[in-house]
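Each of the next two complexes has subunit A plus one other chain: subunit B in the first, subunit C in the second.
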Partner chain A sequence: MVSVAEPRRSWRRRRRLHGHPAKYLVLPVGLLLVLLIAPMTYLLVVSLRPPSITGISGPGGPTLDNYEQVLTTDFYRQVLVTSAFIATTSLVITLAIGIGLAYILAFRADRLEMPLLLLLVLADQTPTITKVYAWRILLGRQGVINSGLERLGLDDPIDALLFSRAAVIIVLSVTFIPFATIPVYAAMKAIDLSLLESANDLGAGFMTRLTRIILPLAAPGIFIAIILVYIPLFSEFIAPTMVGGTGGYMIGSAISDQILDNGNWGVGTALSFMLLLLTAAAAALSYYLARIKQLSSA
Partner chain B sequence: MIRHSAIGTRGSAKTTNGDPAGAGTDTEAPAMSLVNVRKVFDLAVAVDGVTFDIVRNEFFSMLGPSGCGKTTTLRMLAGFEEPTSGHILIEGENAGSFPPYRRKTNLVFQNYALFPHMTVYDNVAFGPRRKKLRRREVDATVREFLETVRLDEYSARKPRELSGGQQQRVALARALANRPAVLLLDEPLGALDLSLREEMQFELKRIQRETGISFVYVTHDQNEALTMSDRIAVMRNGVVEHLASPEKIYLEPETLFVAKFIGQANLLPCTVEAADGGSFDVRFAGGERGRAAKASYRPDPGTAASLMIRPEHITLHAAPPNSGEGLRVRLGQETFQGAVVRCQGTLGDGTPIVMLIRLEDRFDPRPADDTSWISWNPERAYLLPAESDGSFTDSP
Partner chain C sequence: MWVFVAAVFALLYVPLFILAAFSLNDSIIVALPFRGFSFEWYSAALDDVDVREAVGNSLLVALAVVPLSVTVGTLAAFGLTRFRFRLKSAVAGLVGAPLVVSWLVMGVGALLLFSALSIPLSLKTIGAVHIMASFPLVTAIVSARLIRFDRSIEEAALDLGALPRTVLARIVLPQLIPSLVASALLVFAWSFNNFTLSFFTAGFETTFPIWVYSNVEHARALPIVNAVSTFVLGVQILLTFLVWYLLRLRPGGRSAAAPLLPGLATTERTDG
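Let's look at the complex of A and B:
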């Protein structure tokens, strides 16, 4: 039996019975090494190899040529700027909708709360490719919106609905709504309703209650939502490829094109690592902001 | 204009408020008036037609067991619930369906409901800031009320860094800083331990006197209500059973329920013999006679009744009292309580009785067969209807 009063002895005893605790870490650490660290290291090595037309890498020692090419070529610089613009705009839209939805779910839905939450999870579980095709049907030249407009008397279909930057932003914003809603909803659900009643009693109307009580107290959930949404938004490539056209070409599409179509592993992996760096920076910033928000007073 | 006039103003206040839509605030009007207020939830009637005024600078309590409608009434005063029918007037102005943030009332919540992400200062400043006061005015108000609750040194702390009693004071200061016409308090001392609760009772009374704001205090604790209140409304099943000063409620309760809910009451079954002028003669089952100076109703001779005597108003005798008015009692267990001894006993007809006897008046040693006699001052005895599970008693 393990005695609470004698932790040291019990620890020794357990060690004698079951061996050193480190042996239980072998499996998880091994899996992490084999499945994540090793391939990443390999990709890092490839990104530092000289470019080659025929194989993964050319002859010669390690070099930063691939990174230099990415940072100096106008095309790639443009892709980075476009990606940042699309990801940031989509994040803002997704958050605005997600926070609104979370508020309705947490405070207004009453009996509809559970059914709505279930719908949200279902929407989240639909494969991205299905969702993107659905959008093509909605936004396309012969799509639902354009044929509707035609019936209203507008003869020229609006091409810009599909294969544009706006199309990518619309599709991405909607796709990520569940990721933004659920953590914010969880944070709002934890707010004691008497706090809102007391703010109401002290003279606060709806907007004041929202900005002074609900949003500050839901801040940790909002920052989790930002991390959950912003990072995948940057690396998204299915939606940009299928509805983006040239205006919606994002860094994820560029990586997939370079590696799969051009066989240019050097530039593809260099782009991947710059994306990783960017998202790591975004995650660190969100984490830092969340801590500040929690520590400071409103 | 405190206790005694408060009862007197009820009638006249009602007539001045005959027009609920009257323009603006009436400085003569009571702080708050409830006119036939009813609240019906899905299936249950929570408040069933309540009418009373809360006068200015009054400490008013709503007292009753849980489910009696006192909290629902308070939430209607605050604006969190809308009455199904009836009117609520605040300083003579019909509050109608005004939301809480447009009412001149503020509520101290049972769990304090302090904003956890704000400092004590920001919590107290929350109300004044909503009124778009200047920074200097907000600051002066916050300092004033933190001083009132004696927490001026804690303004930079967060609520979680304070004790329960201190949080309670912050909640009080925050509600007072809005300078309400009426401060509503929902069992605010429930979560505190006994000694702190007693200390806060004096504090609340002091703060009410200092600020001159009317307090409406909801509690199920009769001691709290008796200690602090100018007037008490005892509620049961959604109606006010008795509304009066603490002394009046204790000594001359209007109903059997009030008699039993407030303090301890001996209710002796008896029959009314004669009801002449100022006093009532009664006869007990064993043929003994007794007298009571007052009654809660107009008893007819020959009907059954209950004679109420508080435990501390009973005198013990070793022999039958000379007046011939007294009851034989068989003494039971005694409990020493410091200043008094609590004696239990049984009357001839089996009615249990409780007496509080001063230490020097108790029998020492006790009578051999535990038998003695009790008497009482008729001025301290009070006649109530017979206990009969609500049905009428028409004994000949």
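Let's look at the complex of A and C:
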């Protein structure tokens, strides 16, 4: 990217016109310090203190007890494994569908491009709770799919549809499609069409164009999609609670149960802080990879 | 190719159509077969005190959050696009953080803070957390507009003797109005729909998503859940169309809406 530095005079003039940046930033930054940074710091502090049955934390010095409990108890280890499995499987499915859909929208949809994009945004704007609830109606024991199968003569309903790991994966993979599609679409839309045309003229087939031009240039969008999808997937707890049962019990459900139902702040905050670290790591990695891709393609 | 597209949109929309169909079904059991059309669940929902309170609370919170969130978000957008200063990238990273950090973790943190400071949980605590988590969406949308803004117009006005506040009122604000209205509608839907942050900071209050969540195990309440959910869905779809329409009406028309639309959606999240 080439950017020409603006003359200093212009910036000085802007300060004269608008005043000092602090005037604009005190309120937003203050709000984030009080309601985001302070709670996250306190979260870390509580997770490093001995657990307590009556209060937020017990007496005593800093300890890694809560983390040790999470990492050594079979129950929590199982929860971590289930979460990683469900989040990763759903990510792969939703990304595969999203990249396919983004390609069609960006290069093949012609006049349907805008209407389909609007439908995608509409699907994204509906309340998550409503979407998950609607799937519950479909997947239940007496749900639409099972009773439909019964009518077709298969009178042995599929028990496993609701309250299973598969149900959580289905619901999550579908509800995250708009999310995975839109950033990839935006990146593909920015690709210079003449590149594809000249590749075509020089005899490159569809796969060559896809793997050598489209996917590398869409990579920053794909990385954004991964952050936008993977982090919420890991901390998901509406779908696990509403359609997951015991087989689909994830970290989010564990945090919510420990803190809201059991008052176990120690384990709850330790799990939350682990999620926060994972978020930071995923964001940093995606940012780094997106930058490398941008630099190497520039 | 079109089979794939049709299948994807069917997965996205068929569950919602079935939900809407059941809301009109004349039966207390939410299962096939359909027993005929009836609006009884809509009138039952209207008579239900809990439903009215939950939807009313969501409306109240959203209506309070919108003006504050748009103001704070616009201030941040001005601060971040119009100045150079040390720590600018740190401030930008901080403002972007709520778009990435999981709502669950933010909710737990806010609950922890409120209980440590003995602040009782109420609609106000929900609202405060909603403002903190939603203003970065406004900042993203308004910044996108401010960056493309032709500043020489402002400088010309200034050279011609206009006061800074005249420049703001006559030149800057009129250009920002579509972005501001779009952000307001977006934040309204965002706040109304948000489950996770509200769930952790609500205490004994209910909002629409919390009400749905706590009623899915009650078979007798399900037809009412269907009716209210369908109604809310309808209103949300109308709002989204309105955003779309507003952005299309801008100078530049259809093409001006296109780049903003992905921008709108990438700032939305679905984890609650």
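The working rule: the second predicted complex is superposed on the first by the 267 of 298 C-alpha atoms of A that agree within 3 Å, B and C clash if a C-alpha of one lies under 4 Å from a C-alpha of the other, contacts with A are read in each partner's own complex, and residues count from 1 in each chain.
Following the convention adopted for this analysis, a residue touches a chain if its C-beta (ideal position, glycine included) is under 8 Å from a C-beta of that chain, and two chains touch if they have at least 3 such contacts.
Only a predicted model underlies this, so the values are computations on that prediction, with no experimental measurement involved.
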{"item": "Partner chain(s) touched by A:I224 [first = subunit B, second = subunit C, both, neither]", "value": "second"}
{"item": "Touching partner for A:L202 - first (subunit B), second (subunit C), both, neither", "value": "first"}
{"item": "Subunit B versus subunit C as contact partner of A:T246, first or second or both or neither", "value": "neither"}
{"item": "Touched partner set for A:T72, first subunit B, second subunit C, both or neither", "value": "neither"}
{"item": "Which partner, subunit B or subunit C, touches more subunit A residues", "value": "C"}
{"item": "Which superposed partner A:S272 touches (first subunit B, second subunit C, both, neither)", "value": "second"}
{"item": "Contact footprint of subunit A on subunit C as seen in their complex", "value": "1, 4-5, 8-9, 11-16, 18-19, 22, 29-33, 72-73, 75-76, 78-80, 82-85, 91, 94-95, 97-98, 100-106, 108-113, 115-116, 128-129, 131-132, 135, 139, 151, 154-155, 158, 164, 167, 189, 192-193, 195-196, 199-200, 208-209, 212-213, 216, 225-226, 229, 232-233, 236-237, 239-240, 244, 254, 258-259, 261-266, 268-272"}
{"item": "Subunit A-facing residues of subunit B, complex", "value": "78-80, 99-101, 105-107, 109, 111, 113, 115-119, 122, 126-127, 130-131, 158, 174-175, 178"}
{"item": "List of subunit A residues in touch with subunit B within their complex", "value": "192, 194-195, 197-205, 208, 212-213, 216-217, 297-298"}
{"item": "In the complex, subunit A residues that touch subunit C", "value": "10-11, 13-15, 17-18, 21, 23-25, 27-29, 31-32, 35-40, 42-43, 46, 56, 97, 100-101, 104, 108-109, 114, 116-131, 133-138, 140, 142-144, 147-148, 151, 174-179, 182-183, 185-186, 189, 224, 227-228, 231-238, 242, 252, 255-256, 259-260, 265, 268-269, 272, 275-276, 279, 283"}
